[in-house]
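After this come two complexes, each holding chain A, first together with chain B and then together with chain C.
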Partner chain A sequence: MKNTIRQVFHSPKFVVGFSIFVLVLLSLFIYPLFVPGNPLQMVGLSSFSEPGTYVSVYDAIDSEPDIMKLPEADAKRLADKLNEEDRAAMKEWLLLIGIPEADIDTTDTKSLLKLWEEKYDPSLKPAGMTMAKRNYYKRLNTNLEQALNASEVVIATENAETGALEEAKVVTDTDYINTKDVINSITLPLGTDNFGRDTLKELVSAAKTSIMIGLIAGSIATFIGLSTGLLAGYIGGWVDELILFITNLFTVIPGFIILILVSYGIGQENRGATTCAIVIGFTSWTWTTRSVRSQVISLRNRDHVNLSKLSGHSLLRIILNDILPYIASYVVMALILQISTAILAEAQLSMLGLGPKTTEIPTLGLMMNWAMLYSAHTHGYWWAYFPVLLIIALISFSLNLMNTGLDQVFNPTLRD
Partner chain B sequence: MKGYRKYFGKKIVWFLLTLFIAFILNFVLPRMMPADPVANIMSKTARGISDTATTKAMYDNYVKVFGLDKPEIEQFFTYLKNAARGDFGLSFSQYPRKVNDIISNAILWTLGLQLPAIIVGWLIGNILGALAAYIKKGFDKLLMPLSLFLSCVPAFGMAVIMLGIFATKLNIAPTAGGYGYDLIPNFSWTFIKSVIAHYQLPFWSIVIISIGGQAIGMRSMSIYELNADYVKYSRYLGVKDSKIVGYVFRNAMLPQVTGLALSLGTMVGGALVAEIIFSYPGLGTTLLSAVTSSDYPVLSATTLIITLMVLIASFTIDIIYGFIDPRVKAAQFD
Partner chain C sequence: MSDTKPMCLSGKGVTKVFGFGEKKTVAVDHVDFEFREGELISIVGESGSGKTTISKMLLGLISITEGQIFFQDKPLDINTRAKKKKYWRDIQAIFQDPFTSYNVFNKIDQVLLDCIHMRGGKRFSKEKKLEMMTEACSFVNLKYAELTNKYPFELSGGQMQRLMIARIFLLKPKILLADEPTSMIDACSRATILDMLLNLRNEIGMTIIFITHDIGLAYYISDKVYIMEQGKFVERGTADEVILNPKAAYTKRLISDVPKIYEEWDLSTVNSTARA
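After this line comes the complex of A and B, so read on.
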């Protein structure tokens, strides 16, 4: 036993897979220690906030500013103020008053502004331009001027009695505050999802649930597969015929379809994470049965098994002592694969709206489902779905890598 | 030929038997749902009607139309009889639309997408796997981990990533649907062009996913065969390398054909969910809408059609296998 384990840990593939899996698992347990709290708490009132640190603007006003002069600060501010639409509009104006197109470069903020400053004249009335459009250019110009000659911003409070505004604070363009000084701030490494929940916190909790679903489903599937495979292979006869018939049946009828039908039949209200895991486990044992059965058939007539039989050992003892140790490696490999397929199965079911009930705990599939329902993928809110996919792929990859490593250790013909 | 007839006969009996059992499961499982489907339609159609007698009459009418007042066993045989003629009854959520109406187009879209994608993915995967086993060294070192990783990304994941990159970020592919939303299906050039443009992302995401698993399988089969005794023996005899490679790949290919039949269900399941991501007008999307509106006539018709498609595909593969595997031929002539 000790030797086998040592041998297994000499396989580089297994070691890599194992380390990735353990690392993922460790971070899933360590992260909540540092960032406690309910993963389903809705922090944001708006959906899909971008990743980053959010500081309270309200509290920031009270913080004592430091004076700093950053190079390029003005240029950056201006570039930020001018969006694509404004740039296009500026180009349109310049073209209208007869500037050749080659001279206008909308991507270069500095030259564009210089040109604009020189040529723009609010009193000019280019032919065919509506009043509204002219006013738009006036506003744009004022905005630009304000940004150029950075003036102070006055923060005012409303007097409760008279309703008059009173100056509370003056903010200049050289005021900077340390984000640590702002009392209320939150760092969202992966932003928020459609409900305004912290995506990272949710992801950690979801991955844990999904791994649990994988473990439960995988254990059930392996247990059923192992026992049916042992029975079919060892007893043979009509038991074998029957089990083989059922196994073949459920290999040909897509397991995913059965899964859909059963999950639908159970109904939304009764589907918890555990129920889902059990259903997945009960629909994915066929592979294990097949491989265990064929292994047992090849073992059945070995000398040591026959000797055991002649010594009058019970069926249970023969199976436990003389057969199981020989197929243990296959069973472990099957279990690992079952776990990874179960995690995928849950995700796929949830995508169809047949996953666990949505209100209690997040799972990786549910997070995907929500992201898709709120079309995060078509709006480019990558943080809502990409990390989920990455975790699914990483868990599944590490498990498969472990499986391949084990396969190479126990099947010498596969070694490179 | 007599031997073949026995082989095919067995396969046909097996096909019909699985179909029948799949049919029973299809009928029984969705009907175990605790919610009352008629109440579901009532909540839509009877909105605003406060008269209890009217709603009661409506309810009874719906129960009668859907045949829910008859005993389950009678419902089953009616369903069996109608399904055999290709009639799946009425939809619950889109009453009085026929289920056939809803799914007949979806079947074509799904077939058109998945059949070529799975075949192309299988072919490319096998070629790459065989090359990896034969060339080894750098190619293998790069291809193996990559295929393993690719085979671990779920099909819908690849779909989302492709969509995120090519449709949302680069804007070179349409984001959703099977054709432009402003078009009506017809045989015009614009429509066909639009269909082709919408076809690319779903097609390639399914292909890429299938490549990974197939390449891994083919590689290990080829390595296994390359180390087999007959290869060594042929080498000692001085048989040309290219000839040996031909034998090896033919032998390694056979389990891959069976492997395709066995993994077809999983692949189709994954591809169905990928369809949803692209809002492709296929069976996957139909399935989703049937689930969300708890419309089990549509749901069981869809799952039945998918099962039927998978069964026919595995049956076809079995038949092809009978012709290409000399062992099957030999066994039949014993």
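After this line comes the complex of A and C, so read on.
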């Protein structure tokens, strides 16, 4: 036994898979210690906020500024105002009035603006330019003039009686405040989802739930498969026939269809994460039964089983003592595979809207479902679905790697 | 050899058929036999002649398709687990391959303890059990102190087979079914094991049914010889009758196939014990 475990931990594939899985598991348990709170709490009122740190504008205005003069501050502001489209449009206009292309550098904001200031004339009517296009250039010019004009911004409050605006504060372009002085700020490493919830917090909770679903479903499936397989294989006769008949019934009808029908039958309101796990477990035991049964059949006529019979051992003792240890490694492999399959099955079910109910607890599948329903993928809100995909892939990759590693240890013909 | 000894195991029209339809194989075909108490009976035949099948039927490990086995002149009734358990106190076996005969997850102590428990020694004191195990081990020239807390696969093939004899020593059955116990073992250990087996027989006076493919060996050790060909006993009788004066063509062929080296093989210890 000790030898086997040592052998298992010498298999590089198993060790890599095991480390990935343990790392994922550890981070899932450690992260909530640092960032406590309900994962389903909606922090944002707008959906799909981009990842980053958000500071309250209101509090920022209230804070006492320090005066700083950063060398590139103006240029950066301008560069931020001028997007690629505007730069291309400016170049187009300058080319039309006969400036050689070599003189126009759209990447150098300063020289481009200087050139524009000198050459732009709103009264000019280049041939072939529509009225709409000319108005666009006029608007663009106004914007640029405002951007170049580094005047102060006045914050005003409304007088409750007269309704007149009264100057409360003046903000200049050299005012800076320390982000620490802003009382309200939030860091969203993965932004928010469609409901305005912190995606990372949700993801950590979801991955934990999904692994739990996998464990429950995998254990149930392995337990049913193991016990039916052992009974069918060892006892044989009509017990075998009956179990095989039921197993074949479940095998012939695709498991996923049964899963969908049962999930639908239970109803949205009654489907918690645990119920979902149990349903998945009860529909995915067939292959374990079949393979355990065939292994037991090859074992039951071995001499050591005969010897155990001759020693007068009971049926239960023979099964537990003389058969089970011989297929234990196989069962562990089946369990690992079942866990990974169950996690994927939950994700698939939830994508179809048949997963756990949405109000209690997030799961990886539900997050995918929400991202899909609110078209995160078509709008490029990658943070809503890509990290979920990554976690699913990582978990099932690590579990399968562990399985392959074990397979190589227990099946010497597969060793490299 | 007188036939007046009480009957131990006998069979009438015992048949075993595996499979059905086109795949049907008749492994044992309507055989009759009479094994008397205290005899050493050899069943000789080539691979696939049905020797192991007949031994498993005698042990009650597989069902009989047709016919009836009688145990001490009463039809053998082992339909329930309790009856089977009772029957297995009287009949035990040594299997061909010592490497697959043991559960590799159980320690040697467990194997021997099971035997003591089966003989009703569950309530014996720890010291008594230890003493019994030590005695059994020393009977087969093994040291219990060296075996305790070891697993069977840590022993050599010969040691494992000797441990199997120690098991029989503790169980003291009426009948021992030895299914080619020496075929997987080198020639030196073979003589030792046969010697021990025959010593044990003298000690507890049991019937031994010795299954082998080695007709030379059968001649040296047995009282009665049954020659088996394709599921049938083609010839039977005392060792001298069958081997020295064979009637069936199959027996003649078997005897002529024995390599000469067996005649010069020194089996004096075995021989003297068997004839004693």
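Everything that follows uses one rule, which is that the second predicted complex is superposed on the first by the 364 of 416 C-alpha atoms of A that agree within 3 Å, B and C clash if a C-alpha of one lies under 4 Å from a C-alpha of the other, contacts with A are read in each partner's own complex, and residues count from 1 in each chain.
Keep this in mind: contacts are C-beta pairs under 8 Å (C-beta built on N, C-alpha and C of every residue); 3 or more make two chains touch, one makes a residue touch a chain.
As the structure is a computational prediction, the values presented were derived from the model and not from experiment.
On the superposed chain A, the positions of chain B and chain C stay apart, so the two partners fit side by side. Look at A:Leu23: by the touch rule set out above, it reaches neither chain B nor chain C. Of the two partner chains, chain C is the only one that A:Lys309 touches; chain B does not reach it. Residue contacts after overlaying the shared chain place A:Leu96 against neither chain B nor chain C.
Touch criterion not met for A:Met42: it reaches neither chain B nor chain C.
Of the two partners chain B and chain C, more chain A residues are in touch with B. After superposing the two complexes on chain A, the angle subtended at the C-alpha centre of chain A by the centres of chain B and chain C comes to 60 degrees, rounded to the nearest 10. In the superposed model, A:Val170 lies in contact with neither chain B nor chain C.
In the superposition on chain A, contact of A:Pro325 is made with chain C only, not with chain B. Superposition on chain A leaves chain B and chain C with their closest Cα atoms 7 Å from each other.
Common to the chain B-facing and chain C-facing surfaces of chain A is no residue whatsoever. By the touch rule above, chain A contacts chain C in their complex via residues 1, 302-304, 306-315, 321-322, 325-326. Chain B makes touch with chain A in their complex at residues 14, 17-18, 21-22, 25-26, 29-35, 136, 140, 148-149, 151-154, 156-157, 160-161, 163-164, 167-169, 175-176, 216, 220, 223-224, 227, 262, 264-266, 268-270, 272-273, 276-277, 287-288, 291-292, 296, 299-300, 303, 306-307, 310-311, 314.
Residues of chain A that touch chain B in their complex: 248-249, 251-258, 260-262, 264-270, 340, 344, 347-348, 351-354, 368, 372, 377-380, 382, 385-386, 389, 392-393, 396-397, 400-401, 404, 413-414, 416. Touching chain A in their complex are the following residues of chain C: 56, 59, 61, 81, 85, 88-89, 92-93, 95-97, 100-106, 114-115, 118.
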